[in-house]
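After this come two complexes, each holding chain A, first together with chain B and then together with chain C.
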Partner chain A sequence: MNTRSHRSRQAALLALNVVLALIILVPFFWMVSVSLKPAAEPFSIPARLWPENPTFDNYITAFRPEFRTYFMNSVIVSLSTVIITVSLALLAAYAFTRTHVRLLIIAMTLVIVTQMFPASAIIIPIYKMMKGANLLNTYTSLILAYVTVTLPVAIWMLRGFMANLPLTLEEAAAIDGAGPFRTFFEIIVPLCRPGIVATAVFVLIVTWQEFLFALSFTSTKEMRTLPVGVNDFIGQYGIRYGELMASSVMISMPVVAVFFFLQRQFVAGLTAGAVKG
Partner chain B sequence: MILASVTLSSVSKFWGSFVAVEKISLAMADGEFIVLLGPSGCGKSTTMRMIAGLDDPSAGEIRIDDRVVNDLPPGKRDLAMVFQNYGLYPHMTVADNIGYPLKVAGVNREERERQVRAAAERVELGGLLERKPGQLSGGQRQRVALGRAIVRTPKLFLMDEPLSNLDAKLRVYMRAELKHLQRDLGTTTIYVTHDQVEAMTLADRVAVMANGKLQQVGTPLDIYNTPANVFVAGFLGNPPMNLLPIAIADGRVQDSELTLAAPAGVNGAITVGQRPEDMRLSETDAGNMAGEVYTTELLGDSTLVTVKVGKNLVAVKTDKNTKVHMGENVGIRFDPKHLHFFDTTSGTRVAFDASR
Partner chain C sequence: MSHRERWMAWIFVAPALLLVGALMYYPMIGTIIESLYSTSFINPVPKFQGLAAYYKILADPIFGQVVWNSLIWTVFVVALQNVFGLLVALLLNQQMPGQGLMRSLVLLPWVLPGVVAAILWRFMYDPQLGLVNSLLISLGLIDHGTAWLAETSTAMGSIIMAAVWKGFPFSAIVYLAALQTVDQEQVEAAKIDGAGATRRLFDVVLPGIKDVIAINLLLTTILTFNYFDIIWVMTNGGPQNATAIFPTQIYELGFGQFRFGEAAVYGVFSILVLALLIMVYFGVLSRGRHRGKAS
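And now, the complex of A and B:
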């Protein structure tokens, strides 16, 4: 009896997993498939799951000089955001977990409240500020906006992680004569590495795919990032699906690679912060 | 030599309304080995943490070398501490853990390696220097923590149950090693334990604590021979002192299985005490009391006979070849020279005139 219900449970879970995997993977598969089809094929009837004559032509067209500019812009903006956000979040999370000042605890809660506003609601005021500061169409405007958006979540991710570090370690460091900065950089930060990796990957994903701010704040091709740049293939008279999908695949690759190499640490980081919150 | 005296004056610690440590006053001399002894939860670690500067005293004053240190951060107090839960840095190797205080102090790499190796040798960790704490057993971790403390020559050692996780053999060895080390360095040492054997063997003086209060301070022999109250009498010794509540009036024990000539000045509700090794078994009618043998345990060098007298169990340590059987009736005789009397209500020792 027991083992039978156990087994049917297992089967149900497996089925659920397959369905979830399909929901996630089918669009991705479709993206790859379309990117490999020659220009005439995407809308040929009957529709094919996989191109009859796969070709890399779309990739060759998509990998134009503009793409390379967009790519560099994305790298600069995303990496800067990751570095700034994670650094600030580490300091803030440490302060928040190691203080018992009531005011700071209230501030910590307010930090998460900022997440309640959708990007479309804050974009206009931020745009006005950027304009006032003469920062429109610069990396700085995007980096500042992205740090604003990602910092609260990053603080909370790292806070959960740091709250679980035993206090004894800092006490031991204090006895050993280490000051607060030394303790922070030599004890706390190294021990938070899984949490730092998880937070950095999260920030990277958010900024790498961000569209709305990038579209609003940049006006010239030289400053565009990848998600906006892909739009070049969406013209007034039609959409060039083959090149569009080829670009999308190329955009996804760096994130997929990061995930691939860091996935063990990433998962460890997520759960380590989550178990005892 | 750099030595330090430590003085606690009326030091208390409250956690909310809970009193963890209550008005402890204690003066420790230069180079002294003091053991804080008491049952779990009595405030030993809290007292030590206040001396280290990790917790602030709620009241009272702590002085190191006549300097009030209440507001001095731990790093400025020039002390080394072994934490009850080790407090090792998980991302550093054993060598880096032990060498961390030296690194912070700016000792150069070569000198550091030499001192780390010497300290590791002392705590028998020579072969494990490149491991991470996660790859060590509890006892090995504890020795790393010990190594990190002794790698320096601070003014003061604080050790919170540093041997609790070692196996019996290693514990005896490390105990001797610690005692030697402390003698060699002459460093004032405060040592927390709930193990009375450790306290007796290591301490110059033992401070017995219970419920956040200091019960008695004295040499191991002092507190063993002259316990200041019922708690200390019942805490020390294995098995501890037999304690029998009785009533004494006009020098006579009233309504009791016990016949005893009470000394002058001992009156009222009294708890009479005697250690198991001071008692003798006798014929049923030749002792101060009689009862039925409850258990006999061979301890190796002696036999422990527990006798049921009225409602009380009385332990008597006898020769290892003693032949008595469970259920047998025996008498128990006190050694009049080693009697202890305590006031039952307050628990404190009652002094009496032994010359009578």
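And now, the complex of A and C:
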């Protein structure tokens, strides 16, 4: 290949990558920068990207007792949802990939389609059901709703992994006299580890940011999750952007951290199904 | 398959079937029933009213506006997100140093919680303090700050841009994975035949990922039509309903004004739209499968 054209091509690609990085990172940088600006310092007009006297004051103010409550609520609801969804999805995906029962395949297809259902269109009846069961403003109502909305995608992602596992292992286990439950727990689940990680990260990202159900089902500060809680801050304290941005950084941190640690498995799991169809 | 194994399979899927049946399909019927009853803040006991709520809503100019807004919102977010996503995927598919870092960086906006993205962009668009106005002023494009989210003419465009920023990474990663499955021998063969980069893209690469593009377009259409958090946090559907789409209108009528019946009518219409899209989705999917088997 011609070296000069190769070089100019590399330079052009680099330039495009820089533009892309700026589009992605400038809003993030701005969020962090504003969160570090002293609250008393008036915002300069036009806005300046770099904080001149960085301070953690906004973080200390934003980490008020309500915020801690919201954070704990989000942790409880999200972790419960991840554990329940992944467990139920493993069971369902396993039966789904190994069965030849036609009715069961149809039933599971109907389950998977619901990942495309509009939550807003069914929120009122679900709200009334929760109200009737006296579950409004409880963790249970949120966990039930979140498990239901994340299950279809989770089953779909895990199915992709399980379909690729060779049947011979299970046949060998059956010859050794292992029942379906033992085969499932001792052979299938350990082999699905990468799929489980990808699915768990996906469910966590979805649940951590869920807004509509949390907004409708929770009515007191004690039960709010982070997304709803931080949205309340806008009205309660006037628009104090320094604190809002500090809260935003703190809300994003857990999912961004999990994502960066586990992104390789996550991206593989996410795209496997999408590309195979 | 033995009788016992058949039973085991049903036991394994039972929890998923029960939950999805009770909290997805049953409420869908519930929405249709709800739309035939009238409830309000003053009259909390549901009263049967037949199709009265449908007549009322169809006669209301706001309904037309919500339909139009939903159309504009969905078409532009989907188109921009997919075109931009595909371009980014093509870029990230090139061999060059630092590409690994870019591939992980690109998903950041998608990982960011929706409400956080909405608050961040609300701030970006702030007339006095926002970065968007500061940037445009310093470039000399405008001479004073615009209240992007408070003007009926600019609010929709502004939230579309925020949603595209949040959504393009997902399309980019799906397309990137698809591009890596394109047969390199065919690309090389086209190169030897003298096809330039543009010809190779349109004649070899894009046809190779056609099915993925079709499916991703439909999936993003469905997700975009269902969007709630970014719009609700940025504009509440305002100003003057300029950014009201189906989900925000349902929430506003149901939980803002306790007009559950009218909210349910909007719910029924959005179920119909989604049912149509889901049918198209399965049509495309099965067509892709048949082609896959034939080749």
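Throughout what follows, the second predicted complex is superposed on the first by the 233 of 277 C-alpha atoms of A that agree within 3 Å, B and C clash if a C-alpha of one lies under 4 Å from a C-alpha of the other, contacts with A are read in each partner's own complex, and residues count from 1 in each chain.
Please note the rule applied: a residue touches a chain if its C-beta (ideal position, glycine included) is under 8 Å from a C-beta of that chain, and two chains touch if they have at least 3 such contacts.
These numbers come from a predicted model, not from an experiment.
S.K.: After the chain A overlay, clash or fit between chain B and chain C?
M.R.: fit
S.K.: Tell me the contact category for A:V147 with respect to chain B and chain C: first, second, both or neither.
M.R.: second
S.K.: With the two structures laid over each other on chain A, which partner does A:A89 touch: chain B (first), chain C (second), both, or neither?
M.R.: In the superposition, A:A89 contacts chain C only.
S.K.: Please indicate which partner A:L191 is in contact with in the superposed arrangement: first for chain B, second for chain C, both, or neither.
M.R.: first
S.K.: Between the C-alpha centres of chain B and chain C, what angle is found at the C-alpha centre of chain A, to the nearest 10 degrees?
M.R.: 100
S.K.: After the superposition on A, what does A:I234 contact: first (chain B), second (chain C), both or neither?
M.R.: Once the two structures are laid over each other on A, A:I234 reaches chain C alone.
S.K.: Contacts for A:I122 in the overlay, against chain B (first) and chain C (second): which applies, first, second, both or neither?
M.R.: A:I122 contacts chain C only, not chain B.
S.K.: Quick check on the superposed pair: does A:F211 touch chain B, chain C, both, or neither? Answer first, second, both or neither.
M.R.: A:F211 sits against chain C, while chain B stays out of touch.
S.K.: If you stack the two complexes on chain A, which partner ends up touching A:L22: first (chain B), second (chain C), both, or neither?
M.R.: After superposition on chain A, A:L22 lies in contact with neither partner.
S.K.: Under the stated touch criterion, which partner chain does A:R182 make contact with: chain B (first), chain C (second), both, or neither?
M.R.: First partner only, chain B.
S.K.: Among the partners chain B and chain C, which is in contact with a greater number of residues of chain A?
M.R.: C
S.K.: Of the two partner chains, chain B (first) and chain C (second), which one does A:I106 touch, if any: first, second, both, or neither?
M.R.: A:I106 contacts neither chain B nor chain C.
S.K.: Would you give the minimum C-alpha distance from chain B to chain C, in Å, for the three-chain superposition?
M.R.: The answer is 8 Å, the least C-alpha separation in the overlay.
S.K.: Share the list of chain A residues that count as touching for chain B in one structure and for chain C in the other.
M.R.: Looking at chain A, the two contact sets are disjoint.
S.K.: Under the touch definition given earlier, write down the residues of chain A that touch chain B in their complex.
M.R.: 166, 168-169, 171-179, 182, 187, 190-191, 193
S.K.: Under the stated contact criterion, what part of chain A meets chain C in this complex?
M.R.: Chain A reaches chain C through residues 10, 13-14, 16-17, 20-21, 23-28, 30-31, 34, 43, 45-47, 49, 88-89, 91-92, 94-96, 98-101, 104, 107-108, 110-111, 113-114, 116-129, 144-145, 147-148, 151-152, 155, 180, 184, 205, 208-209, 211-212, 215-216, 226-228, 230-231, 234, 241, 244-245, 248, 251-252, 255-256, 259-260, 263, 267, 270-272, 274-275, 277.
S.K.: Using the touch definition from the top, list the residues of chain C that touch chain A in their complex.
M.R.: 1, 5-6, 8-10, 12-13, 15-17, 19-20, 23-28, 30-31, 33-34, 88, 91, 94, 96, 98, 102-109, 111-116, 119-121, 123-124, 126, 128-131, 133-134, 137-138, 165, 169, 173-174, 176-178, 181, 211-212, 215-216, 219, 222-223, 225-226, 228-229, 232-233, 246-247, 250-251, 254-255, 260, 263-264, 266-268, 270-271, 274, 277-278, 281, 285, 288-289
S.K.: Where on chain B does chain A make contact in their complex?
M.R.: Listed in rising order, the residues are 52-54, 73-75, 79-81, 83, 85-91, 100-101, 104-105, 148.
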